[in-house]
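After the structure tokens below, expect a handful of questions from me.
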Amino acid sequence: MDTIIETINVTKSFDGHEAVSDVSLKVSKNELKSIIGPNGAGKTTLFNLLSGQLKPTAGEVLLSGEHVTSLSPTYRTRKGIGRSFQITNVFPNLTCFENVRLAVQSKEGVYYNMLSHFTSHKKINDLAHEVLSTVLLDSKAEELAKNLAHGEQRKLEIAMLLALDTEVLLLDEPTAGMSIEEVPKILEVIKQIKETQNRTILLIEHKMDMVLDLSDSITVMFNGALLADGKPEEIMANEQVQTAYLGGLYNESS
Amino acid sequence: MDAIINITINGLATGMLIFLLAAGLTLIFGLMDVLNFAHGALFLWGAYAGIWVFTQTDSYLLGVFAAVIIGILLGYLLERYIILPVYGNHIRQIMITLGAMLVLGELVKVVWGPNVMIANTPAILSGSWEFSGILIIKYRLFVIFVGLLVFLGLLFLLNRTKLGLVVRAGVMDKEMVQALGINIRKVFLGVFILGAAMAGLAGILLGPYTGVVYAEMGLEFGLLAFIVVIIGGMGSVVGSAVAALLVGILGSFASYYLPDISLAVNMLLMLIVLIFKPSGLMGTKEAVK
Amino acid sequence: MSLLKVHNIDTNIDQYHILQGVSFEANQGEVTVLLGRNGAGKTTTLRSIMGLNPVRSGTISFKNKEIQTMATHNIANEGIGYVPEDQRIFSGLTVEENLKVAMKKKDEQTQKRFEYVLVLFPDLKKLLYKKGGYLSGGQKQMLSIARAYVNNCELLLIDEPSKGLAPIIVEKVMESILDMKDKTTVVLVEQNFIMASSIGDKFYILDDGKTVRNGKMRELKEDEALRRQYLGIA
Amino acid sequence: MNKSTIALIVLVIGLILLPFIQDSRSILILMTQIFILGVFAMSYNLLLGYTGIISFGHAMFFGIGAYSIGLIMRYYEPTYLYFLFAVVTTLILTAIVSYLVGLLTLRLHSHFFAMFTFAIAGLFLVAAEKWRSLTLGNDGITFKIPDFFKDRVIFYLLSLGLLVLAYLFFRRFTQSPFGKVLQAIRENEKRVESLGYRVFHYKIIANVISGMIAGLAGIFYAVSLRFVNTSVFSTEITLDALMMTIIGGVGTLFGPILGSAIVQFAQYSLMDLAKVHWIFERWVILFGIIYIVVVMFFPSGIVGTVKTWFTRRNKQILGKKKPEGKKSMESSKADAMKNILKGEVDG
């Protein structure tokens, strides 16, 4: 299978502490790969390196074989790496609809249009509404984002990512902070993307059931380094993974 | 040669005056994240009240005392009633402290009239010494001496006392200081009042140095102090001292050798520093996003 | 005897309703562990106890005194020490100065505590005059714990001490927390379950801003289904 | 066409008729000043309110405009052609200066940017003061203008025209895709970046547009006085723009205009009152008090505060009417109403 996103020995240190150390990772096209590991293992930092929020101290990031290490988040998004954030990161004083529309607008390449009124962009508006209904937020379209509940903001966050319609989707704990009832709906959305579209998804998630259910492959990170990478069943069987992350509990309980 | 020495002394004295203003401002900014445009008003009131008391009583010492007291008093009122409601919002801080600046600046005219106020040099400090052709004006030396004293006192306070330790810690992380059981609000007020007292002192020192004081100098010197804070780096007292002396001396040389651009020197200096070191000479706070 | 009693607290951060009914108790001399996924509200719970994110409703009593409306510094002075996530060392101050900020009284007890932390963390003793910013992650963690302890606290709130530390350092930190246990009560937020289970006496699981389960740590070790459901680990 | 548009049209017609209804020269001049400074404040609001940039050097663009017209009218001839030439010069100069300033500084944090622009405006002020052979320094220069502009009523109408055009432009602009990106930058810069926008470009373009419009306001200002001196570069001019914007309402279209009206009118009437009691000679005190009061009690400006009232009232009505459960026709009608209302004050 074609590799779409790849890191070669990326390292990121903050004040001498290596948050991500020497990670080489390959993600195949149209695969859904989950990244698991305890807090502080460097998962979000790795995401930041992939999406360009951070520049690696050493190593390279490649997208479809092209070096993107020095590109800003702006250009990586344009080249097809979109991400959602772990901490909700929306535009609080714009409406839900406007939030999503900004993403659609970017995807459609309407960057510097200063004088045409938004109503003349029917396509953009329609697309934005469509995405909002995908994440079940259409009834909140005209609410200001800051007035949404936490779980709804998470959904909005995902909606913006979907609207960008990028080839690679980086999802950083999409269901964190959502109520138990909302989680299945979001899972459904992720599943849908996986099944119906040709998208590569990287997912950080703590809920193991969800990870096992969705993933084509799983990468385990521990203390900034790659511990294991493989099919879900391989990972579950991996002794090292069990001691480091799953907590050696299998050993104890078995 | 004598010109150079005189210009340097002149610059040092001006620099010290600016430092007295900037030190308070930089601490207030570093610790409280407050942009205080009314700082110049404290200076102005210090000048007017101090000189008035000095002329009335003929005691310079009483004048200095009055200037510091009025600084403390106004500082207290400003912090409690003007700045307290606007913590955490720069735009509102700028606006409300500018409002306070306008009010206090005009009140000076109400109390002492709209004309400039003449300030004499106290007898004991007037006159000058001459050493082999070099004329040294006593009062300038006095200003330098006082500035130096305050600078050293401030350094001692910050580096050698418990209070200073708390202030320095607060500049770095005020929430953590609170979580260690320290009432940061009291520390804020203390620092604000200290800054206000120094501004008042600068005011009375300036009077005999320039000979006259006028209401507009509040905003003028307030902005100058801001420039110095930016050049020196927000939150750094030593940075402010270095920057203030730099501004003072450069300004003094420029007005002698290049009078046409002397007014622009501070601005140019600030531009250069901002371009090459946006956080200022000794600043620690992040300036670039 | 319960030293800290948190009853049904709700906390908002800006518009976000983060805590929606957290209750737990911490007994004297025990280590109480708060567990839960990212975003479950563990950090906010500690911050609410410290008054850094004031509660909207509910009560927090410490030594039978309600503290939920008190200012942060007063809460700290009641005897609660806070070791925040990411340590929050004063990076421009030396190790000694970091500790001095916290040592408000000059009494014998404070001095004793000061000596104790230097024995407990020999690293800190060696680095006493070094700036906090130059310490390694593990040393910062030790300093942060030491700083809270010398503040004469009877209760330590420790937020994810293992985060970003190498396993061997984590062990060291854990040992020191165990060592402090008979001197001070500990409430620990931890995601590293091995660590949490090795030093915890009691656990509470937070989910979605609510406490959903609690019990003895021993029970959780045996209940795989529960761990899977709320912690995402098996 | 909604209510707010109708109200605005009525207002504009009223203003057009004003000079024919009453003939007080000073009122006419006052209104003209309100219009001109309103445009200036609107240009400032584009930065402060819509993009989240605090500039302390906005006077430099105003001053460039004022000096362009002044110098060209004085040293060439006061003809229409040269007038046009001055306008073009202003637009080009302000565009270049705002582009360069933006390039150098827009990566800095807010207050550093503020101080940087403050310094550059300061340099312009010093240049104007020191280049005496050209500008006559603080004494300033008087100049002639084409006869057409000399008529107070005509100039009043022209200024009103400029204001209306600027208003329509900003209304369009802030609702455009570009304008929405600016507002998103104000809200969360990093996120805009990760949506694939080049934030820096947007900020620079906003800075340039704002600077050019400020330059136009500067031209009108100088023409209204037929005199220009260094005060057009002074910090007070920038602060005036800041105050007008904040008093009226940051990030609202109509706010700066209202702010301009309030500030100018207050200045005018307070100065007038000086004859009544000596305390009014110190009208700046009252002025300062207004600033303080506005910040304390109207933190989001007058338009902003009124807007909040309306929304709150509307929400209450909504809350009573809205049935439980599914979204009803009624509530969507109310939603639509809310939008109109938002449009009313927002543009």
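Order as written gives the chain letters A, B, C and D; numbering starts at 1 within each chain.
By our rule, a contact is a pair of C-beta atoms (placed from the backbone, for glycine too) under 8 Å apart; a residue touches a chain by one contact, two chains touch by 3 or more.
Predicted, not measured: the structure shown is a model, and the values here were computed from it.
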Touching both subunit C and subunit D (chains): A, B
Pair of chains joined by more contacts [C-beta pairs], B-C or A-D: A-D
Centroid spacing, where centroids are CA-atom means, of subunit A and subunit D in whole angstrom: 42
Subunit B-subunit C separation of Cα centroids, rounded to whole Å: 43
Computed distance of Cα centres, subunit C from subunit A, in Å: 31
Whole-Å gap separating subunit A and subunit B, where each centre is the average of the chain's CA atoms: 51
For subunit A, residues that touch 2 or more chains besides their own: 92
Two or more partner chains touched - positions in subunit C: none
Contact graph of the chains (line, ring, star, complete, other): ring
Chains touching one another, given as label pairs in label order: A-C, A-D, B-C, B-D
Subunit A-facing residues of subunit C, complex: 14-18, 37-39, 133, 136-137, 160, 162-167, 191-194, 207-208, 221-222, 224, 227-228, 231-234
Residue ranges of subunit D in contact with subunit B within the complex: 48, 54, 104-105, 107-112, 115-116, 118-120, 122-123, 126-127, 129-130, 189, 235, 239, 242-243, 246, 250, 279, 282, 284-285, 287-292, 294-296, 299
Subunit C residues touching subunit B - in the complex, by the definition given at the top: 50, 52, 71-74, 76-77, 82, 84, 88, 90-93, 97-98, 100-102, 104, 147-148, 151
Touching residues on subunit B, where the partner in the complex is subunit C: 162, 165-166, 168-169, 172-173, 175-184, 284
Residues of subunit B touching subunit D in the complex: 35, 82, 85-86, 90-92, 94-96, 98-107, 109-110, 223, 226-227, 230, 260-261, 263-264, 266-268, 270-271, 274-275, 278, 286-289
